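Structures follow.
Below, subunit A partners subunit B and then partners subunit C, in two separate complexes.
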Partner chain A sequence: MSDNPVFDRIQSEIDGNAVVLFMKGNPMFPQCGFSAAITQALTMMEVKFKGIDVLADDEIRNGIKEFSSWPTIPQLYVKGEFVGGCDIVREMHESGELKKLLDDKGVEYAS
Partner chain B sequence: MTVQDTIEQKILTALTPSYLDVINESHMHNVPPGSESHFKLVIVSSDFDNLPLVKRHQKVNGILAKELKDDIHALSMQTHTLPEWEERGGALMASPLCHGGDKASQNGD
Partner chain C sequence: MAMEAAEIERLIKEGLPGADVTINDLRGDGDHYAAQVVSAAFAGKSRVQQHQLVYQALQGRMGNELHALQLQTSAPDNT
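Entry: the complex of A and B
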């Protein structure tokens, strides 16, 4: 537990779900091209992930930036570890590093 | 000074890049003409040597903390070391469209 209740909420989301995407909109209807790009990469690989819509929750929207020391949305977490934003995930997807990360973390994906 | 100039100055000073491109992509978004809200950066610098991508981006985000807070709505970046840049032959990835632009209420920030 931290002394920040929003951080505790964020922590419990990333503890409770192997892959978490803090995004604008939801995985079915991303509200932002950057969030859509990560959603598309994860969907292509058939990775199960939890999308958290920051537009529906201003506390999380502001808290996650401080929590990760990262000023923008989307943000991807795998097994509790911050992976990055859209540019990083796309680059890792293209280079095969994303697969390697999922392998290392024991997260299942199709291809 | 424009936001674009400020970004350029700050990156040049902090990272002494061997290649820098600051691209205003605001016209791709739903914002008034002449806006400075959406940027893409391509930075090639030896300061990125041996740094994972997350740390590179955090470095740049730190340099532009004020602009990210006050001016920039969405920032896309490619950060390379000189050998990486040469290996890719200087290729650019297209930035995604964010479907928004209203800084106060929408995406990217």
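Entry: the complex of A and C
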């Protein structure tokens, strides 16, 4: 527990879900091209992930930026670890590093 | 709301002295940029840490005045 209730909410999301994407919109209807790009990469890889729509929650929207010292959304977390935003995830997806990270962390794929 | 490319370059160079910075205005609208930053300060750091250093140099503008900055960071080759 931290002394910041928003951080606690964020922490419980990333503790409770192996792959979490803080995004604008939801995985079915991303509201921003950058969020859509990561959603597409994860969907292509058939990764099970939880999308959290920051547009629906201002506390999370502002809190997540402080939580990770990262000023932009989307933000991808795998097994509690901040992986990066759109540019990093795209680079890692293209180079195969993302797949390796997910495999190394034992992330589940949709069957 | 938009920022000039020269201003972005100046801030990054100020925050990361000696960095090699290339800015592209992706759509010519002064709002969507790509930056390539090569800095010795990135050596031994993860990509997340490298990008955080650039964001620090931009002093809170990223996500505010600066809507979209596609970042590519690396440490200089030793060769």
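Assume the second predicted complex is superposed on the first by the 108 of 111 C-alpha atoms of A that agree within 3 Å, B and C clash if a C-alpha of one lies under 4 Å from a C-alpha of the other, contacts with A are read in each partner's own complex, and residues count from 1 in each chain.
Please note the rule applied: a residue touches a chain if its C-beta (ideal position, glycine included) is under 8 Å from a C-beta of that chain, and two chains touch if they have at least 3 such contacts.
Quick caveat: nothing in here was measured; it's all calculated off a predicted structure.
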**Message:** Based on the shared subunit A superposition, would you classify subunit B and subunit C as clashing or fitting together?
**Reply:** clash
**Prompt:** Between subunit B (first) and subunit C (second), which does A:9 come into contact with in this model arrangement: first, second, both, or neither?
**Reply:** neither
**Message:** Is A:24 touching anything from subunit B or subunit C once the two structures are fitted on A? First, second, both or neither.
**Reply:** first
**Message:** Between subunit B and subunit C, whom does A:105 touch in the aligned arrangement: first, second, both, or neither?
**Reply:** neither
**Request:** Determine, under the contact definition given at the top, whether A:79 touches first (subunit B), second (subunit C), both, or neither.
**Result:** neither
**Message:** Which partner chains sit in contact with A:36 here, subunit B, subunit C, both or neither? Use first/second/both/neither.
**Reply:** first
**Request:** With the two complexes superposed on chain A, say which partner A:50 touches: subunit B (first), subunit C (second), both, or neither.
**Result:** neither
**Asked** Looking at the overlay, does A:71 come into contact with subunit B only (first), subunit C only (second), both, or neither?
**Response** both
**Complete:** Counting residues of subunit A touched by each of subunit B and subunit C, the higher count belongs to B
**Item:** Doubly contacted residues of subunit A, that is, touched by subunit B and again by subunit C
**Value:** 34, 69-72, 82-88, 91
**Message:** Residue numbers of subunit C touching subunit A in their complex, please.
**Reply:** 47-48, 51-52, 55, 60, 62-64, 68, 70-72
**Request:** Write out the stretch or stretches of subunit B touching subunit A in their complex.
**Result:** 53-54, 57-58, 61, 65, 68-69, 74-78, 93, 96-100, 106-109
**Prompt:** For subunit A, which residues are in contact with subunit B within the complex?
**Reply:** 24, 31-37, 69-73, 82-88, 90-92
**Residues of subunit A defined as touching subunit C within the complex** = 34, 65, 69-72, 82-88, 91
